[in-house]
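Structures given as structure tokens follow.
Each of the two complexes below includes chain A, the first together with chain B, the second together with chain C.
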Partner chain A sequence: MIPAQFDYVRPTTVDEALAALRDGGDDAKLLAGGQSLLPVLRLRMADPSLIIDLNGIPELKGVREEGDKVVVGSMTTHYDVTRDDTLRQHVALIQEATRTVADPQVRHKGTLGGALAHADPAGDLAAPALALDAEFVIAGPNGTRTVAAADFFEDYFTTAIGEGELLTEIRFPKYTGWGARYEKFNRVAQAWSIVAVAATVKVDGGTISEARIGLTNMAGTPVRARSVESALVGQSATEENVRKAAQAAAEGTSPTADADAGSDYREHLARVLTGRAVLAAAG
Partner chain B sequence: MTTTENPSAAAPEVGRDRRRKEDRRLITGRTRWTDNQALTGLLHLSVVRSPFAHATIKGVDTSAAKQVPGVVAVYTAADIGADQVQLPCAWPITKDMKAPQRPALAGSRVNFAGEGVAVVVARSAAIAKDAAEQVEVDYEELEPVLDMEEALKDGATLVHPEIGTNANAQWVFDSGEAGSGGSVAEALQKAESDDDQIIVRRRFRQQRLVPVFIEPRSTVVDPTGEQLVMWSATQVPHILKTMLALVLGLPEHKLRVIAPDVGGGFGGKLQVTPEEVMTLLVAQKVGKPVKWTETRSESLLSAHHGRDQIQDLTMSVTKDGRITGLDVKLLADMGAYLGLVGPGVPILGAFMFNAIYKIPAYRFDCTNVFTTKTITDAYRGAGRPEATFGIERLMDEVALELGMEPMEFRRKNWIKHDEFPYTTVSTLTYDTGNYEAATDQALQMFDYDGLRREQQERRRRGDVKQLGIGISTFTEMCGLAPSRVLGSLDYGAGGWETASIRMLPTGKAEVVVGVSPHGQGHETAFSQIVADQLGIPFDDVEILHGDTQSSYRGLDTYGSRSLAVGGIAVVKAAEKVIEKAKPIAAHMLEASEGDLEFTGGKFTVKGTDKGVGIGDIALAVFAAHDYPEGIEPDIDAHATFDPENFSFPHGTHLCAVEVDTETGFVQLYKYVCVDDVGNVVNPLIVEGQVHGGLAQGIAQALFEEAAYDDQGTLLSGTLVDYTLPTAADLISFDTANTTTASTTNPLGVKGVGEAGTIASTPAVVNSVLDAIRHLGVKDIDMPTTPYRVWSAIQNASGHAGRGDEANVASPGAGLGSTASDISKGDTQGGHL
Partner chain C sequence: MARIRTTVDGLVYEDDVEPRMLLVQYLRERLGKTGTVIGCDTSNCGACTVHLDGLSVKSCSVLAVQANGSEVLTIEGLERDGQLHPMQQAFHDNHALQCGYCTPGMIMQSIDLLGENPDPSEQEIREGIEGNLCRCTGYQNIVRAVQDAASKMKPGSAPAAESGAKQTVAGGGA
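This part shows the complex of A and B:
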């Protein structure tokens, strides 16, 4: 790996990181797990003058319960997310999706906050975060603010995190007892998703009482399949009902076309995978 | 002085599944790659490469790059004479073959995206890379040449106007003319008018692939010594040395080439590269050691690619399933220039299209074509995977037309076990084989009938996941090669191999081999052979290789030749050691030579318990105090083996896949192969070769493709886009062996390095089609990606997709998303 030259700092507190960001100006880049930034540097698609390494900040790591929320520090690794009992109990969908991220090496280095802040439309964690109505806590020079998932993802690789700010926490409402499934479709196991569907449903006595569905890589940002969600509510979780409701999955999406998939194929996959994800989550 | 221990009591080493002795070092990081060479004063080289497929170079401005602190020099082609070099092509397949000059750096015109136009020499690799971005090249774009059929039309843009055509050569074999069979033209004519015959025509494509060895290429040249020393990540240090001497006019005895640890090659390092030559020229110019190491993207872009053929096949067959004729017409993409053996690669297929079948009339006609793409050359199997794919896909198609079970159709036409040795229609003589035995075992392991029943049940139920079963009954020619045969094919070298055994005074042996391992396990397998031959412990043998100073004679490693040729040279050298030791043993034992026998590492006097070990003799000739008159005090030996024939491994591969008819996803379901690779030296290594080979062959069927856009830009320029499978994408393979020993070498061995790759691709594609043919799908180009499979099902059922596939190979993700975003709007189809 031969990136262009850069300066490097490793702050130990969020305040130090914010100060480094302020001093570094436009040209500073935050380093979380490095699983996206390092390839970008290696391919010289970016040449920041300053790298601020967030790996030395303990307050950004870990999972805790806070009332009716589960709070995940932005620098919590994928591996730790997949192993956390609190998340298993209350936010199963994010665990399901995180298990499918790349390979074990990547999961040991990559972080939840890093992936969400990178906002790759084919990344696997944005759609579940959106489906789960997560909140994003962003620290900046004027204190912290909280942004709803629906407002966080703005465009390809673009989020509500402003200049001089950094993502510190992701706060999930509790979905205790909900079923969850992340249905991922890709060419090879380590490739990004062509399309993926994040679904979590609450089933009472065989009837779906609530549903949350997010789509990966069906637009520049994750997309919520709201018409499917509302069509599912009150339905018994049969294959026929679910598949019928899933027909609306591609509504409001604008998928890209590339050699792996035309946009019509992506729309088709969204419908098929939504049906499968909901059925698995309800099962 | 007699040995007390009798190693012959131990089980023979050959046949043992020894763990590889080289692995402890390799997997604990104690490796010496070329890039690890750290010489005093070492400078680093970075290559400025053309972003255009075809362009005139109007000027190169190196002034800004020269200003970068730490830069030692910036050279254009002319500055170091790199534009005057003619990189070698060692296989002029026809007398009138058109061979354009292939320079080390382009001087006036670039002919593929990725071709080097200038080099930066700096104190660190990072500085060289920074400065390379400062070199300004003024290009005037020319039309790219991308489509082989278009390239051959009158008035087509020429890659090399100076040779007047885009056709490199046309190579024809006709069994009627060769006298090895009838005329295909007559056979097809007869079939046309015969109500009892049918003719089946098919066109298949071999996509372009990248070998993707795990260690990127690297070259270090030290010009400061008496000999100029080159370390290189190469499969062919000996060929490289001789070629450098010939190409650059350097005295061969002033060159030393070292292939240290080399991390994979798959044919991709069977080359004399522009980068090796430019590194040498730069090192000579600056008078200091220079290193070049490529990035992965550079490797995908500029290291040679493989495959890339259009195959038009015609078979005539009687309605009861006897093949009467086979006509093969190929177009083979050479890329922009000819590589070391590039033009010959498709020609190797000429001998393999007839495969294991008795075909009475056969014609092979291959035209090699220049395009403005990266060159193609040897890639695992080299010519034989292409041929095997063609014939094994065609066998299924013909069986289908005949309404015959595909295995039954094969069985009707293959050579029976009692017909060996068998001389084929393409003039090779297969020494041994037993296709019935391998097939019967494979069918049983696979539960062929059970899976066929399951397939029927799934069809009847209309399951979303349909089952498909694919067959490949293959053979291949390897163990390259009898020198006389290579001579008859105008190949630029022989096919012999060399080994030397040095008996050390303490009884240990150093074995110097001319083959050059890069992951195969030669150290282990050859140690096993030597241990048996000389009756010394496995651990007392050291295998030396890859340095022309110790191993001065060899033809290196490719074409599954290391054991079947190199291993036999080791046997021959050991036989000579014993022969040389015999008079000394007789002297020591005060017996006559005629009364001695050599077993278990020991000469004994027949009928007595008097004996002397080979180690004792080694010590005796080292001391040399007392040895017979008239002979030299030396039992070291050197042998060269030139095989009398190729070796012909064969086997039956059976693949079952599940095709998700809703998504197009293909999931491997079961894979069984029974390979006959002759006698097995090390079962563990053989199984490893088969597994790796299968992974690469399956990858061609399902995953990999080097795709170009309509401007000649490589789209799969990173491993994000060039989708290599990993263990997670494959399944557990069920492998087994049948054994018919080769009769053409004393170990009875056949090659195994390429077999899995050659055999597996058609088995997988046949299985994919078998799963969805009932839906109306007739064919799918490789790789059979989910999108292609889904589109084929849609098209067959009349629900054609919108066809808005963008002409980009990005997975629409991560780094790829950027590319697809940029390319949005470019929605030209053409990949299906």
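This part shows the complex of A and C:
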């Protein structure tokens, strides 16, 4: 099927995009990589009257260092995220997770900002962003504001981005020298996560000194496994210690049951994958 | 209507298109390049894969207006002077197709893969074509074909993925 009719604009600055959003009102939709939006339009699950294509805005693309932060433009593609040296050095977890997203063609077009704004509970980039305490810079009619990851993801497909606003940047603290692992469980290649665990840990002389863990698809939003994080601190990174701490991984989660897995099984997966992710990150 | 100017398989085209027109529709219905096929409604199958400014994309998931000012390479632009591209030749030689529906996308994605990684392992090939579904072959001969093409396209032994199509390469099995 093909999409219903719409008008199309391709602004070249964020200000022009905001003006287009204001003029388009409710019926306008932002187009980033289009890898979630175009399938939705083709299936006619949405029929916006105006598409605002963000691909012509250079200021939204690329990765840069800013003091103790690494700043990623919302329109940076998955492909560019996986190849970026600054991210490799300071924010390895987001790179690890991005490698598991979809397939090469989708990664060539899809963007970090688009994936996070879409906020699919099974999407792979929200849990790492939460684990990494990322900040989200949102531009709107009254200027820009910054939202912490913990406040950004509100519900299934719902974020703190309001009407007339757009996500411009994702700012990550530096985790230089931390180990990272994204452990994704799905049935076939190219499929979405049934459950996945994003873990990054700092190991000093065999002992875990800090840990950050985020869970994918264990609720409508990504979830931090805080009790596992605190149980790991001060432990030597042995298989036994890690597996024991990982037993608390499903605490505070509310996973759905669907054709892929029941909620009990998702809780089981969260524990097992947390153990694997932390061990790999610490190794 | 939006005016677009796009280079497709080496020729420049100018057209008025509806913004909602998908790139794959433009290629097939306007330019008559039916070598690129549509296999699904969900962006999963990869049959429609083309290169947009040198990177593989699913042309059902890009708007034609977004290709304005860009270069598109389709399966129809691979052959040069009557010679198949080494990847096409390898698919032929290794019997890497049965019904052939997935083949245009498989070949375009496999060329993209070798551009990225000229000497992939079997596992890397399987992951490199994970966005392309084949309902017939079980993938075995597709993987073999990509290995074969990789060995023939290695620097020194034959041309590189994209630019190499201009040169000729001996076909006919290993």
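As a working rule, the second predicted complex is superposed on the first by the 282 of 283 C-alpha atoms of A that agree within 3 Å, B and C clash if a C-alpha of one lies under 4 Å from a C-alpha of the other, contacts with A are read in each partner's own complex, and residues count from 1 in each chain.
Throughout what follows, contacts are C-beta pairs under 8 Å (C-beta built on N, C-alpha and C of every residue); 3 or more make two chains touch, one makes a residue touch a chain.
Since we're looking at a predicted model, the values are computed, not measured.
For chain A, the partner that touches more of its residues is B, with chain B and chain C as the two candidates. Of the two partner chains placed by superposition, chain B and chain C are both touched by A:189. Residue contacts after overlaying the shared chain place A:2 against chain B and chain C alike. By the document's definition of touching, neither partner reaches A:127: not chain B, not chain C. Once the two complexes are overlaid on the shared chain, A:201 sits clear of chain B and of chain C alike. In the superposition on chain A, contact of A:93 is made with neither chain B nor chain C.
Touch criterion met: A:257 reaches chain B, while chain C stays clear of it.
Of the two partner chains placed by superposition, only chain B is touched by A:269; chain C is not. After overlaying the two complexes on the shared chain, residue contacts for A:51 are found with chain C alone; chain B is out of touch. Residue contacts after overlaying the shared chain place A:43 against chain B and chain C alike. The residues of chain A shared by its contacts with chain B and with chain C are 2-5, 39, 42-43, 103, 189-190. Touching chain A in their complex are the following residues of chain B: 125-126, 129-130, 133, 295, 297, 662-663, 665, 703, 707, 715, 718, 720, 723-726, 728-729, 785-787, 790-791, 801-818, 820-821, 823-824, 827, 831. Chain A contributes residues 1-8, 10, 31, 34-35, 38-39, 41-43, 51, 53, 55, 79, 102-106, 108-109, 189-190 to its touches with chain C in the complex. The touching residues of chain C, when paired with chain A in their complex, are 2, 18-22, 25, 41-44, 46, 49, 52, 55-58, 60-63, 65-66, 109, 112-113, 116, 126-128, 130-132. Within the complex formed with chain B, the residues of chain A that make contact are 2-5, 36, 39-40, 42-45, 103, 120-123, 156-157, 185-194, 217, 256-265, 268-269, 272-273.
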